[in-house]
Amino acid sequence: MNFSNFLLMRHEIILLAITMFLLIGEIFIHEKKKSSLIHLAIFLFGIHTAVGFLELEESSLFGGMFRSNNMIHLFKNVLNVGVLILLLQSADWLEKKIFNQNRGSEFFILLFASLLGMYFMISAGDFLMFYIGLELSTLPVAALAAYETVKRISSEAGIKLIMSAALASGVSLFGISMLYATSGSIYFDAIAEAITASNLTILGMLLFFAGLGFKISLVPFHFWTADVYEGAPISIASYLSVISKGAAVFILMILLFTVLKPLMHVWENVVYVLAIATMFIGNLFALRQQNMKRFLAFSSIAQAGFILLGLITGTQLGVATIVHFVMIYVFSNLAAFGVVQAISLQTGKEHMDDYTGLYRTNPNLSLVMMLALFSLAGIPPVAGFFGKFFLFTAAASKGYYLLVFLAVVNVTISLYYYLLVVRAMFLRKSDNAIPYFKNKLYMRLGLIITVVGILVIGLYSPLYDYIYELSGVF
Amino acid sequence: MDILSLFVVVPVITILILVFTKGLKQARHVSMVGSLVQLGMAINLVFSYFKERAVNDAIMVFTKDIVWFKQFNIHYNIGVDGVSVSLILLTAIVVLAGVFISWKMSDLPKEFFVSLIVLATGVYGFFISIDLFTMFVFYEIAVIPMYLLIGIWGSGPKEYSAMKLTLMLMGASAILLVGILGIYFNSNADGGALTFNILEIAKVNIPFEAQKLFFPLTFIGFAVIGALFPFHTWSPDGHASAPTAVSMLHAGVLMKLGGYGVFRVAMYLLPEGTLHWSWFFIILSVIGVIYGAFAAVKQTDLKYINAYSSVSHLGLVLFALLMLNKTAWNGAILQSLSHGFMTALFFALIGMIYGRTHTRDVTKLGGLLKVIPFISVVYVIAGLASLGLPGLSGFVAEMNIFVGAFQHDDMFYRIVTIISVSAIVVTAVYILRVVGIMLMGPVKNDTYLDLQKASWYEKAGILLLLIPIVGMGVAPLWLSDMILASLEPFIQRVL
Amino acid sequence: MGSEAIIVFLIAGIVLVAGANFLSNLISPKSDNPQKREPYESGMVTKGPTWVQFKVGYYLFAILFLIFDVEVAFLVPWAVVFKDIGFVALIEIVIFLFILGLGLLYAWKKGALKWE
Amino acid sequence: MSEGTANILAMVIVALIYLGIFSVAGLFLVLLERRVAAWFQLRIGPNRVGPLGLLQTMADALKLVSKELTGTVKADKFLYNLAPYFVIVTALMALAVLPFTQGFQAFDVNIGIFFLIAVSSIGVIGILLGGWSSNNKFALIGAMRSGVQTISYELSVGLSLLTMILLTGTLQLSEIIEVQKGGWLIVQGHIPAIIAFMIFMISGTAETNRAPFDMVEAESELGAGFHTEYSGMKFAYFFLAEFINMFIIAAIGATVFFGGWLSPFGITESIPWLGVFWFLGKTFVLIFLMMWFRWTFPRLRVDQLLTLEWKYLLPINLVNIVVMAIVVWLNLIISW
Amino acid sequence: MIFGVSIYELLTVTSIIFFIGVYGFITRKNLISILISIELVLNASVVNFVVINKYLYPDMLQGVVFSIFIIAVAAAETALAVSIIINLYRQISSVEVKDIEVMKH
């Protein structure tokens, strides 16, 4: 065996090493000095993120179980950046609320373990690796959702997440077993060659789809989302809505576009229906939310519906637009969650009414929030517009004009509730508005990166060209 | 930096400087300087355009083409013809006037001016775009600051109005998006590459089925902002709640995006669709003209009167565009310009009156001519322009429109033309009624006796708008020639 | 005998218990009284419910066991083929056991192994 | 006689043989335990019933059968009655795969060791069920202790056996014995094997809940522990199962570490049936060892017990596996 | 491979187990029961993999290997779920679904 091949797993190996290192640190560092682990973790992860951008060759390992190409590599980097921002945003929270209970570094360990799972999931070359990655990415997050053990809703969130995730993966597995039965292999390549549209494969595909649908919180499988987001710590809600969803979308895309391509005439229709249902339900439920976390939860469900517009194409254009959109979505949603996090940390307030008059006391935070919401709503010139426009273009390229029309109707609905937040922050005045506060360095850094991302990613066209170039592999 | 890109760059620089200003004084001075530069650029553009036109007979001049997203064939593609030049000039004037009118903005001045100039950026960008995508982007950039402008600095039911306006306009843009995508994916009908470039698409024969499907989407998408009849409801509420400068920009400039878009995109790119659907939209626009005029008669709130009159006048623009002949089109553009100056002036005056008397209810006002003569006289002039008095801008525009409209010898066209002409009579009714009640007669309230005279910045704003109105009325030919020359390609394509 | 031995032994065990129970029922005396049927608590009357919440330590060890036992299950196939694979298998299992050991150490340090 | 009938008949015969072994071994071990106890305490022990008291336990068994079956009204009846089935059936099933001698093995499954580990861990369910369903505080505490103890030590049992699997490369018991023709595994694996054997014996004793690991039924605190509420024959099942489990642990130890039915240096290789005696002999030596433990060591507290397992045996075991792996890789195996 | 039992029967059984699990997940009111239902779903898949491997593709061990990993992951899942349930139980002394729904739409 040639050990240099393992360099293909550079991301995974480095992250694993960091995780182990932190675990050892957690074990041996004295309690009083443990908060230094925050800085250490962020520093190490920052280096990891930077190293991630180095070139990587395209190849596969373990007889095709693990594969990597530039697209996957790029997506791992996107996830890395997302997690880095997340870490920056959660640093204060950890220091203030968690480390004094002597259980802060678990946050990093679990989070990194989950990220590791995602790496493996999106790099998977067979269903076994995929499944292990899926579970490794889900289970630590469930533990993290129940992280604030003194809070009841946190435990509830954990329960709901783990139960739904377990059922989802169970259903998925049953579907995979059917695909295995018909194709005789669990390797993607072999399945793609052997699969034909029979009743069994279609049923298997649907069950499998349902399983991933849970993770992306598509509509019939979305019921856990809002509760989990509300109960879980904000960092975790944000992780779930951004990183976890992004990775799931990516692997679903790969599987649909490569392995299940022969069944395209079936899943096209499924995606069509789910896209409409997801957009409408997500948006209509978001209208009446008052808690910011629930609000963002439903908004993220709706966003998942938009992503399906790219998924329905099954073309290179679809791949590129989805990745582009997810990239933008990562920054936008992280910015929104970051502001919610900052405010919740300072004042404990998570209600939309509490944001009334925020602009007059905390203009910068409100501006970040506004940019994030505009990006989510798809208002130019912030990035979200470009992401959405390209997704719609992708869908229209296949002639789904009705779907695009319904999607733009949804964009308008979504604009309404995003503007509700803007209204609270900018239009209204309040006597007991959240007083001015200054964020810590990490939080500010985290927010600034997201703002830069929101402003730049859309307008900077070479990025899209780059993604398009890479997306040819699928 | 080319002459057109500056129209986007200068406002952006202004905004960047504004962000670092403190207090009202710095903010308004920076904005004034920025707007002055823009006005200078606009005037310069007019002269350069004439010069360029003499040597260059391309459809668009001063073009610049930079590839943006090459996969979608999206370009940053700009250029102007006579129509856009005139509208850019309108914008520059109204923006500067708006800055003057907002001289005393007390609440969050910096943010106000930033939003105002963002709006201006969007409008400039929209008028110079040749690329559908860029156009769409600028369209949305122009619309979204309205939410904040009305919501924060407005009055009355401002949150409701702001939300209604934003949602209706964004909803329209969403429909428009589908239309644009439809055009885009049919732009390779003749075997070329997919493109967003208007000039390229104009060379393509898009299949009739597609035209039939996408024309209404595109048309409605643009026409909503041009206050097409059942979709006009955002406009009166928005105008009524908006602060003065925003009403000016909104009615004066933003609503022109509708007519321009309909003309430049929907009709130019989908000619067969236009022919197929024109009867339907003609009926709608005529209803708009009549409805707006009669509604204005009913209103007592000055802003509502003017808002409904805008519906009526802009309905006339759409009507003229759908008449499908050169004269009517020329009239439509002139009407856009005329209405832009006129209604901006109206709103500015109403803002001044409101600022002094704290009411906009016509029935409560009276005899203002005696206390604030300058404002009142200008109001009368604006009113006369609005009802189409010869020698003022309104006459030129309406004349062209109806002359063009009567060129059709079809019964249907005759009838609708007659109906819409009758709106002029109604216009006279409400204009003169307001003038009569508000300006003439005895002073109804003693507190009105010591109202302030117009200050220098108010006068500056008013004069800025008044000069073009008179100018257009007195010497319309240079403008009308410039526009007519630019209508040639449209005529070839559509007729 | 092949795999059916499992069934045979299962049945045999059941038959043994059932048969002996039957026999016992047949020949044992029956003299019932309520006292006899009370739970035995060294002669005292039982107080309160028995099925109450239990010390969390039990669950903790159960969970630890669950995790380690599964890891042992992974060691089984490794152990069987170790001779055939040799060095690579050794390296892999050292990593595996290192992480596993780290987990144990972590549980230890966090006081999960403490019985109070 | 058709083939099917013959098969069924053969099965019945096999079942009967094993049931015989089961009960005889159980009864004999009880007697042995008492005699050994007496011996350690310088007493005589049971010596009245039958020659040398050999029939003593038989008499006890008869007594138990004829005892009244009482039980509490508060018990969960179904689970209460189900519990004995679990302990007996698992003990019996474990017996099925033990190779008494060449060819004398009911079920030579290819995952023998794995099967044994798996089946023996089911037994604890019976104990837990019994303790819980009795609705008796002593029984419940006893059962819970039994649970935590059994599952803890099961890890060590499994790992120490796995250490030996590294040497054999197979899980099938007959093949494991085959490998040992070149030397018992405890010799082949020398140092790590001896460590593994020690761990195995300690944890095996603990898994069967025998002293010094018998907090499960610590008489001084818990009455009779998990089977407090069981009487008569139902009590006898738990009692019997405990001894059979002891036998099984000893038999596994004899098979994996000491060559099962193989004679030392192959001295009686030509007479296969003598293997039974070698096997039983080795097993009884180990059983004697376990009984020796009982009368030598004081009972551990729960915390000590868990500390022993989790902080000593388990880490040692993990290291030991690596050491054994290195031994195998470097081929440092000793054989004769 | 079990003598006299065809793959259809086995797959029917696993399908029934699967749907019992899903049904249980939806209808049960107790968290532990829900957890057990999930285990049913997972185990149906495990058996499926083994059966399919044994009957249809006996020369490769992919299905069997897969099933080992499913078991392992299911164990981890259960461990985590149980620990969260215990934590919840310490707070509200209940494992009933109706008691954990403080969050409503």
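Here the chain labels run A, B, C, D and E in written order, and each chain numbers its own residues starting at 1.
Assume contacts are C-beta pairs under 8 Å (C-beta built on N, C-alpha and C of every residue); 3 or more make two chains touch, one makes a residue touch a chain.
To keep track of the chains, here are their UniProt names: A = NADH-quinone oxidoreductase subunit N; B = Proton-conducting membrane transporter; C = NADH-quinone oxidoreductase subunit A; D = NADH-quinone oxidoreductase subunit H; E = NADH-quinone oxidoreductase subunit K.
What you see is a predicted model, and the numbers here were worked out from it, not measured in a lab.
Steps from chain B to chain D, minimised over paths through touching chains, total 3.
Seen from the Cα centre of chain E, the chain whose own Cα centre is farthest off is B. Distances from each chain's CA mean to the overall CA mean are smallest for chain A.
A comparison of the A-E and A-B interfaces places the larger number of contacting C-beta pairs at A-E. Note: the chain lying farthest from chain D is B, by mean C-alpha position. Averaged C-alpha coordinates give centres for chain A and chain D that are 52 Å from one another.
Look at where the CA atoms of chain D average out and do the same for chain E: the two points lie 32 Å apart. For the pair chain C and chain D, the distance between mean C-alpha positions equals 14 Å. Centres computed as Cα averages put chain C at a distance of 20 Å from chain E. Looking at chain B, one finds that none of its residues touch two or more other chains. Residue numbers of chain E whose C-beta contacts span two or more other chains: 76. The complete set of chain-chain contacts reads A-B, A-C, A-E, C-D, C-E.
Looking at the complex, you find that chain A touches chain B at residues 317, 320, 374, 379-381, 385, 389-390, 392-393, 396-397, 399, 401, 404-405, 408-409, 411-412, 415-416, 419, 422-423, 426-428, 461, 464-465, 468. Taken together, the chain E residues at the contact with chain A in this complex read 18, 21-22, 25, 31, 34-35, 38, 41-42, 44-45, 48-49, 52, 56-57, 60, 62-63, 65-66, 69-70, 73-74, 76-77, 80-81, 84-85, 87-88, 91-92, 100-103, 105. Considering their complex, residues 88, 99, 102, 105-106, 109 of chain C touch chain A. Residues of chain A touching chain C in their complex: 1, 20, 23-24, 26-27. By the touch criterion given at the top, residues 68, 71-72, 75-76, 78-79, 82-83, 86, 89-90, 93 of chain E touch chain C in their complex.
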